[in-house]
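Listed below are the structures to be examined.
In the two complexes below, chain A is the common chain; its partner is chain B in one and chain C in the other.
Up next, the complex of A and B:
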């Protein structure tokens, strides 16, 4: 791996260079609320690399909350229809992506691009993207990436990875396009001492994780075993179901949740658009069919389905890793305290 | 002969014309379709047991099983008006257009049941997905043992494919039992729920495969009766229906445990359905 050492100014130059060919997206702090969002940045200096984990995952860039798939207009007099595919490739550079969110994008890649059918809609969004990850110097309160081996530093799947050192930044190229960019800008190779410093940054970051996160490391795989083999008692799911508000928030903030609904939205003039929108398995309408037959009506069955999806080995096959990356957003958002770590705790006991 | 490339219309619907509409039963119509694109009209092939995603322009899309025999019939779908999209479909007339994606799904396991007796048990519109399979088995009559159809509907007006049924009743070696729930004047067939026909037909259970399709109450009654008579859970086959949005394994609405009904199913053995734990 080619490794470079850069100053803050040079790092900005790298991002500006990317901005010439790509839309820039990165963490930005909302002045009014103080919340961090991963969103479009007009310029390199708008990006707050060191801000905490964005409250929404960057999956939106490849799997938009509302995605226009196609449009048509049915001419009921001529009884004819013209369909037009919507959606176009926009080269995007994701700057300052956290390692957990990168692992989630790898899950989505394997799921949308690597199964029996390739999802062309996802592929169009994903093609021509450039990913710059950022090593987490310290965990946030809800983080548990160490349980799922996704952080605090990314190991693969990025084009460039940035680590903040005591003085300046270490820049690792993880792909040919990442290396070409660094070499093209004439970046200075890192010294052995600077590479070693990154190792210490990662070790220090791991040491800062709360006992609960590091202590659960072995439990994550044991709980996966229990969920896969159906070892979990129905009462546990019932208890978890009782705490669920059925708001769907966990699915929306989850960087690997990718269930979607499809509907045709039509205007008064007869113009219709086919929309792909985020959906959640916690909602009662998720499995409801025409005629109101619903094979999965009970909330505990729906909760069971979500955690089976995140924590079973059989589901892991589609991602080639567990469906949870340990970002902890579900802990933030859940009003019923059944974020994934709490579920692990309950299954454990 | 060069093998034809399999056509699957994955995510962008192709337009079909509604050539003809037949009333099957109250609220149930059959729509005969042809692709506007001549290459698709010539090359679109389905397997018995598969389904398509059908767009009613201006209303939306729905998953629908395929009754046509791949060897014999024009493309058609039989649909009961139940929800928003299917009601919109029923308002269309011949010459109107629809969108089609697919075909998706695994299809019926004909190789595995060769040499066995084959029983079809259908309730109401449950005959729709089984129709193509019945035709296939009758066309390869010599490869199977006894062939039996047990078909029940609420009233005589609710019976589908009456032309087919009349033909099947005349087909030598095809034992057909058709029942309606309550006696009606002019009805000289069987009366009662479809599970009661199992005894009347004296169905075999050894070396036998049963294809069962119908509403949940009927399905559960029939399964209980077949199991009581000693049929193996592996020899009972059904086709599952789920809320589906994409048909090709991405929207996840039809996921049950580790399986996706759209790409792994919709055809499952009863043992598989039972293991999935969610019923039909």
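Up next, the complex of A and C:
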């Protein structure tokens, strides 16, 4: 891997260079509330690289909450349909993506692009995107990425990875296009000492995680084993189900969740839009069929399904990693306090 | 930023959220992590608050009933306003009090100016479609016993109280956010009691005064119809001797969408009961509008800067996220236009100016302004007794 050492100014130059060919997106802080969103940035300086984990997952860029797939108008007299398809987009550069969110995008890539049917809509959004990850120098309170091996530093899947050192930044090229950009700008290779410093940054970051995340390596994997083998008592799922308010929030903020619905929204003039919208397997309507039959009528069955999706080995086999990346956003948004760490604890106990 | 801060008005909890826009339309929603009541959470309705577009029912131009009795698009706002003033004058000549139909989604500014227009310019009565009868009844009962048409305390008291009384477990359906607070209270060791009627309330009367703090929550939709029950709740709250203290409070919760508390505060307490209105306002078409003489489109709550009041009296400012359709005005501005056309010298240019006047006129709102509401997450209007630190 090609590794470079850059100053803040040079790092800005790298981002500006990317801005010539890509739409820039990165963490931005809402001034009034301090809340962070992964947003379109007008310029490199707008990106708050060191801001906390964005409150909404960057999956929105490739899999939006409401995606307008096409427009149509049906002329009943002429029996014809006028269709307008989704246009091509400018490629996106994701700057300052956290390692957990990168792992999640890899899951989504495997779901939307890596199976028998390739999702053209996702591919349009994802086309030629450039990913610059940012090593987490310290975890936030809700983080548990170390339990799912997604952080605090990205290991693969990025074009460039940035790590803040005591003085300047370490820039690692993870792809040929990342290396070409760095070499093209004439960046200075990092010294051995600077590479070692990154290792120390990562070790220090891991040491800052709570004991449950670092002290017991089997914290999550033992539960994954129990979930996979069905070794969880129904009463446990019932108890978890009782706490669920069925808001769907855990799925919406989960960077790997890919449930969606397709619906048509029509105006008074007869013009319709076909929308793809976020959905959640936790909701009763998700598995409801014609005739009102629902194989997952009970809330505990739906909770069970979602956590199976996050923790079972069959998911790992399909997407080459667990469905949870340890970002902890579900902990923030759950009104019933059954974010994934709480479920792991309940299953263990 | 494509995410803009705002307030959810789908029930009375008063959660804050961010709505994502692409400049023209709302395309997403996110919870507000720092809000003291919702604390980064949203309920199933809140998570869909970006999906309220409803293009099929949207009204974008004024409609005027012609002499043949057919509703047709007016050629201009001027024509529609003139038509309205003529019809109002005709009705009043016949000794009929004209009615105005408006939705419960109106902001405080909209509600205040509509009330003023009806009282001082048109001599009309305002009926709010969607104003929850149960909530209205509950507030009247509270007013009767405690002298407050609203909650005592803030929803944050639920995070601190030692004893929580919840009337029927409807709370989980109506406000998962508040029910979540109740469950967390139980987890931290607070005594949580769910009761279903007056006999159980009487039982609690013996125990509650012993608790260091007491919070009582009820969903007004369920209990409002029974004024006796709400009176009993209010009397129970009064006898605990803890109302107005830290960790204590009495909370009626509006279950249906709209600015229920705010419109009651603005004096709009008449609900629609089938009276034929001369004027109907709304962003979306409803069958009740069909008999009106004049229909005006108004901006939605996400299309204009305005304030809304939650069931715990928290007044919050919600900035505009997207522009209304061409020519469509916020209700307060439309009211000002009608008043101007009727020869009144109203000179409101901004929603903040309307709020400044309502803060002078509406009891409890004194001292609030858009500038104060913009700091943090709004402010609670004060009841005199609470302001003086007394138990009402």
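Just so it is clear, the second predicted complex is superposed on the first by the 344 of 349 C-alpha atoms of A that agree within 3 Å, B and C clash if a C-alpha of one lies under 4 Å from a C-alpha of the other, contacts with A are read in each partner's own complex, and residues count from 1 in each chain.
Just so it is clear, contacts are C-beta pairs under 8 Å (C-beta built on N, C-alpha and C of every residue); 3 or more make two chains touch, one makes a residue touch a chain.
Just so it is clear, the model here is predicted, and its values are computed rather than measured.
After superposition on chain A, the partners chain B and chain C are accommodated together without colliding. Of the two partner chains placed by superposition, only chain B is touched by A:288; chain C is not. Shared-chain residue A:32: touches chain C; no touch with chain B.
Once the two structures are superposed, chain B and chain C can be ranked by residues of chain A touched, with B on top.
Of the two partner chains, neither chain B nor chain C is touched by A:130. With both structures placed on the common chain, the touch criterion links A:40 to chain C but leaves chain B unconnected. By the touch criterion stated above, A:148 is placed in contact with neither chain B nor chain C.
Of the two partner chains, chain B and chain C are each touched by A:266.
Superposition on chain A places chain B within reach of chain C only down to 12 Å, the least C-alpha distance between them. Shared contact residues of chain A with chain B and chain C: 266. Interface residues of chain A, counted against chain C in their complex, comprise 28, 30, 32-35, 37, 39-40, 55-56, 60, 64-66, 243, 245-249, 252, 265-268, 277, 283, 332-337. Interface residues of chain A, counted against chain B in their complex, comprise 69-70, 72, 74, 76, 79-81, 83, 85, 111-112, 115-117, 119-121, 258-264, 266, 270, 272, 274, 279, 281, 286-291, 293, 295-296, 301, 305, 308-309, 312, 314-315.
Partner chain A is touched in their complex by these residues of chain B: 8, 10-13, 15, 55, 57-62, 82-86, 95-97, 99, 216, 241-243, 245-246, 248-253, 255-258, 263, 278-280. Those residues of chain C whose C-beta lies close enough to touch chain A in the complex are 1-3, 5, 18, 20, 27-34, 40-44, 46-47, 50-51, 53, 55-58, 172, 176-177, 179-180, 183-184, 187, 374.
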